[in-house]
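Quick heads-up: structures coming right below.
Okay, so chain A shows up in both of these, paired with chain B first and chain C after.
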Partner chain A sequence: MTASSIPDLGSNSLSTSDPAAVRSWLSKHHPKQLALLDKFEIELRLGRLSSTTKAGPDGVIAAVGATSTSDRLLVTRRTVGLLKHIIGATRWKNGAQLLVLLRGLGRELHEVGGFREPVIENIVRRVMAAVREEAAGEPDGKATDTGRLSLQSILWALPQHVKSPSNRSLSRTDSHQRQSSIASEADLESTNEFPPAFYVNRPELKQTVMEAIQEIVTELEDVYGNIEDQATNHIHAGEVILTYGKSKTIERFLIAAAEKKRTFQVVVCEDSPSFGGHEMAKSLAKAGIDTIVIHDSAIFAVMARVNKVLLSAHAVLANGGLVASSGSNMVALGAYNNAVPVVVITGMFKLCPMFPHEGQDTLNDLVSPSKVMDITEIKDDLLSSVELINPVHDYVKPEHVSLYVTNVGSFQPSYIYRLLAEYYHTDDWKSFE
Partner chain B sequence: MTTEGDQQKAAAAAESKKEKKKPEGLVIPPKKPKLSKAERRALQEQQRAAKAAAKQQPEPPKGAADPQNEPGKQNATKNDAGSAGKDDAARDAVQDKSDQKTVSLFSHLPPYRDPKSVVETGPHLWPKGVSLPSTTFPLHPAVIELGYQYAKGEIRGGNARCRAMLAAFHQVIGDFEPPTNNGGLTDMRHQIDQWILKPSFQYWTASCRPHSVTMGNAFTFLKTAVASLERDMTRDDMVEMIQETIDAYIRERIDLAKQAIAQQPALQLSTTSTTTTNNNNPQVFLTYGKSEAIAAIFRNMAASDQHSSSSFRVIIVDSRPLLEGKDLLLELRASGIECSYVLLNALTYVMRDVTKVYLGASALMSDGGVLGRVGTACVALSAHMHHIPVLVCCESYKISNRVQLESITGNELGDPSQVAMTTNASSSDDDDNNNNNGALKDWLETDNLRLLNLLYDLTPSEFVSGIVTELGIIPPTSVAVLLREMNPQN
Partner chain C sequence: MTTGTSTTAADEIPLVLQDLKKHLQSSHGDDDNLFDKSATAMPVAAIKALLGVVERSQATTMMEMQNELKQASDCMMNAATTSTDGRSHSIAVRSGCELFLKYVTRTFLEELPDFEQCRQAVLTRGERFAGISLAARDRIADLASDFIQEGQTVLTHGWSRVVASILLQAASTKHFDIVILEGRPDAAGARAAQFYSQRAKIPTTVVLDSAMGYIMDTVDIVLVGAEGVVENGGIVNKMGTNALATCAQANGKPFYVAAESYKFARLYPLLQRDIPNVGNIPMQFCDTTTNTTKEKETSFAPVDLSSDKVKVENPPCDYTPPKFITLLFTDLGVLTPSAVSDELIRLYQ
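The block that comes next holds the complex of A and B.
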């Protein structure tokens, strides 16, 4: 994009967010970090991230984290860990350089599999927002330009709208804010991607950024706890709750309610063809919850007796819509037609700053149909030309979702857009593609 | 339909099985009901029934309610078959377990019966809670064999079950000879009704599998037909008359009706409007599971297609456990129709391309609701929400005078262990747990865990744009009108 306009800030610094440039920069200056990145990418491609940063031999990884692809929180935590490590160990002088590096990493991760796991991009954006916040602050820690409500920040949010003359006048009127700036007037004119304060070399920035990342890590650690605390607000005695497939968040939510002496029934849909519902039902039953397993086809039939539907999320979209495992939309429609509330239980790290312009294709993925029809059944020519489709996800419209229960509180779908501003900076919204 | 050899084999098998447990051979089904024996048996049965009735009250509910331990025969059973007793105990244990595993929300529905228990219970041993008919005429082997096929699910689908039932009656009535000792029932019409129709139907319904609406309608029709015969016809005339009636019913109400549906002018790929049916913009039809009428419609379309086979394609949505869509897929592919095959989870994904949805039905409720294979309502709902027309295709003999608001009040429970299976291969008829490596394979041992296998669901009439019958396409609200037109006497 505007990478070309970034001045070369010295041979040691990264000048563009191109993934290849990031890799070559890392290999030149920080080979250890590059090795770490490679390892993460390999695990991501294989779909088995191990739960610790230091993974053992391959066999161990497979044994420990075989199911980890469905555990988005783990993916998020691993990504933060990686970012933290790279940010902490690499050499950069100011916020702008760091943001260029992070964007480069974001693109790199998107390419190797991030498009399947939107949480990775989310957390990169989140860290970028934190960096922006810290970099915009005064050296003494007092935030002056946090990028929220000031007119100036709104202008900077869309720098292409800021014409050079106005830029000049702006810099004149606000010059007192940048008295400590060592950036020259010429620098300011040639760079319009980041606010001027971002180009100030600040040695203490690394520490504040690391603190900000640590805050994010702490929040991620508390995700389940914060969600579980709300369980009794939503589940009361004697309810019949329907849930679809397997979700660790929902499992812990329900078990938390059961532990607080709420007695209720859970109807679990099997989620064919992946059958996540079977595992879910088993662990719920083991926790002492009255569990019934049904075929996906019986969803509408059973819906007449259901009080509440709980859905899990693959991603929460900017319009309040939901991307969840395929088949969820049918559940949501069934609930909507029976006036049953649909409650989505999710951590807010799944919030994606994107709109579902592609409908059902949004963040979707088509995988092998071997579970739809076994290859051994396609013996004769008759079946060889049949189209078999096995999508992984479904998009659910915001009007079919009643409530989002998240680690930061419960919200209506119509409020979700507001949370975006809290998590990400508008400049980082664009995709890492 | 089966060959005679098969029946004899089945009868012989049943006989030998019985003989092990009951050496006296009191109630062995004959290969063909023969006159002299039948008469003796009827007498014996009457005595036995009277005895049982006398002793029925004080019996403890558990063991003695099991018809195998009838008081009169208790000694004999115990003496000769210790193993049978063990079997009983085992079965009782299973029964207890499955009692725990019934879902309280659905406890009003009759529990699923393992087809094996149908065989073990035997043809004459009426299940718990079914009162013995006053005159027990032994059930014909064809009836028993069909009952087993019903229970096992070998014959399923509204049309197939009804056809099989009528075919069985056709055969049984053909074999019927009025006994000389008729126990007071001199009218052959009553004999057929009391000794053949009623007990057979009751056996199928109570011991094997609850009857479908199609079977119920056909049975009512047959009863009425028999009752309205002339009293003083000869045996041969009467049998011929009844058989003709049965054949006509199968031909007109099922087979010809299906053809008439397929040839409904409104369903044809329109030849006049070239805008919708050119090759650039082919019609995409979606259907669920398997239905004879739907298959006939698509075959007819393919046959009359003037452009090429690519002016329409069919998306078949299927779901576990029956995966009946695979049969339809093979059938349509054999007719050269372009097909897609997806499971229910991909429903929303494929729905955007669809121009029309065709669904089959097991029964039509008189309020316009459609009772169909479980999952039908999900498909109709999804299409309705996408504003895609939903056409339900069914023969008019499937119209029921019942009304149902949702799927739960009237439904049928299937084998719960099918839910635990994780294979999508077509259901194999051998041991259920053979190829089950899923997370739920030990569900019977897991506390708090129950599996529910509903067989039907009710599609509310709001989701249905039109109902295609052999009499035309009607809105769902007019089903009641059609019902009234068809049965003016009610």
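The block that comes next holds the complex of A and C.
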């Protein structure tokens, strides 16, 4: 029965992760899903993914009433919604085909602007890891090996240690063509990219994968709650807390502490040129917290009397470093100089499997400098000789971060590598470029 | 029964060492070929030698087998400690042997009920170990070459095949410079420089070991290999590595270590003298100066230190504590030093 279904599979299934191939495959077999993808991409391009005005493909977003322009959680949830929809409605026969499709979607989303929203790629990788786990998990429980590398797997001399990765990348292109012709029982030494279990056609896989995705969705729904629960562990009575700019996570964290009758003072840096700090201060004051706004140049001056610095994250990197809004590094260095602990409050969906190879340019973006200096104020001859730049983010070294408070617990930067191994599969780390 | 075991093991001992030598031959037989890709690393050679012990063993119980393996590995470690080629192999042998003993125990405890079947399982799996060395180096090169960026200057110390793989892979896509310390006493750095500049065509500068402080502000990253990685994430490597790491941190330069994970050893040195070093090697240097220039101006009269008034110390390795290490590039991934103990604990718990 399986043997007869395999030839069909060759023509109907996606054979490469090339974004163009994914699109043409979707348009041929699943035009509705392609339309959803297009809609998602348009909103991504327009930067409207984080706004709540539009209904998502799945309706998930209706629950979140955020007005902030940088609600990464919302972006993540809408991405999961999209993936869930596509995975649920498209035809694929086994884990390997699904992974090829997901990787293709990851590349597609990266191309249309996903690099500005690293959370999108993170969640694609997260779903891929879930698929790998489900595809490898045989009912007998024996096949626990999902290709994870450890000293144990070296001891067993498992194929992932013996096979050289360069061979793997060479054979990657032809392995997908082969998968259609080769019987599902691939042997251990074959050049297939995925473990043999991934090529076994399993009709129940869709069900278990959807359940795994639902778990991720539930986790995302609980992100703020889990972080807020830890607020009183970190904010103590009478403390002076410094925070930088506007962050929904930190705002809710501080308010949660205040609601539990902790009295403390918050110093908010205004975060020029976007001045998110003003909005943040307003909202904190409204919650009855003693709030002070300072301009960014005064950070070092007030640092001496600060007990703790709270920072938000744009992305958490594999070495435990942090990408946060521009100016955060200054805060972190000021705190480091005064031996003030720097605590980063973030959901783990911002964890990126990448290293800051480009230093301050990592995941950074330059936006219009109109906020730095008003164009009408500068005479034309000056404008031509002055360069104005407005970077959005800062990279903060792991040495300057004391603790990450996340929805799954509190960790030192040196522990981040471990979370990465739990969240993503090492073979999916590679960029979607 | 016990006496019978010890005699068979005693017969094995010379064989184990022969095996070890044989497995290492590919790397030592041909000195010219510095970058022999097929070369077997010390821990892997030790594992292969122990496999030979299992193969020849007459043991009928697990305890007997373990005893024999223990004696064989002790023997190899002794031999490694007394070798005088200027490199400390004892840590590498130790990590290889420990891994293998753990592996055998695991197989016998968890796998099959029958002793003979277990032995066969150990042997068949063991054959795959041969590929591990090479695959690990490829994987590390894959992971780590991105850490070298276009136009950077990389400072390295000593000769390491892993480091060489990384640098070669990086050089295939970008331009960068190498600065390498001369590497006394065996001039390992100078030899490596020849390889990098002539074979790999990477612009290479050699400086004196003592010039590391002078050169440090011109380099972007420091990358070294390791003889062994100890439990706290520190490393044991060629003499001078500790000074280099200290210097790198003082100058705010990242200090990276490339090492295969089978070099992880259950060792917790607190002081430099805690690492198992080779005995007293007489101080002698490989002279890297060429005699083409006018000899009177360049060469200095040799100093005779053979008088008993001066004490000479010449250890081959030093210990670099984890606080100086930014990241470790291993085949298990890019790890922080604290991750090393994590991996070891998970294996030996």
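Details
Methods note: the second predicted complex is superposed on the first by the 352 of 433 C-alpha atoms of A that agree within 3 Å, B and C clash if a C-alpha of one lies under 4 Å from a C-alpha of the other, contacts with A are read in each partner's own complex, and residues count from 1 in each chain.
Just so it is clear, a contact is a pair of C-beta atoms (placed from the backbone, for glycine too) under 8 Å apart; a residue touches a chain by one contact, two chains touch by 3 or more.
Owing to the predicted nature of the structure, the values given are computational and were not obtained by experimental measurement.
Within the superposed three-chain model, A:273 lies in touch with chain B and out of touch with chain C [touch as defined at top]. Contacts of A:403 after superposition: neither chain B nor chain C is touched.
In the superposition on chain A, no contact is made by A:21 with either chain B or chain C. Contacts of A:46 after superposition: neither chain B nor chain C is touched. Contact with chain C, but none with chain B, is seen for A:355 once the two complexes are overlaid on the shared chain. Annotation for chain A, partner touching more residues between chain B and chain C: B. Residue contacts after overlaying the shared chain place A:112 against neither chain B nor chain C.
Of the two partner chains, neither chain B nor chain C is touched by A:210. Contacts of A:421 after superposition on the shared chain: chain C is touched, whereas chain B is not. In the superposition on chain A, the residues of chain A contacted by chain B and by chain C do not overlap at all.
Those residues of chain A that touch chain C in the shared complex are 149-152, 154-157, 161-166, 318-320, 355, 357-358, 414-415, 417-418, 421, 426.
Within the complex formed with chain A, the residues of chain B that make contact are 103, 105, 319-321, 326, 329-330, 333-334, 338-350, 352, 373-375, 377-378, 381-382, 385, 406-408, 411, 419-420, 422, 424-426, 438-440, 443, 446-454, 456-458. Residues 240, 265, 267, 270-273, 275, 278-279, 281-282, 284-286, 288-302, 304-305, 325-327, 329-330, 333-334, 337, 359-360, 364, 371-374, 377, 382-383, 385-391, 394-395 of chain A are the ones touching chain B in the complex. Those residues of chain C lying in contact with chain A across their complex are 99, 102-103, 106, 125-126, 128-129, 131-132, 134-136, 138-139, 142, 146-147, 149, 261-262, 264, 326-327, 331-339, 342-344, 346-347.
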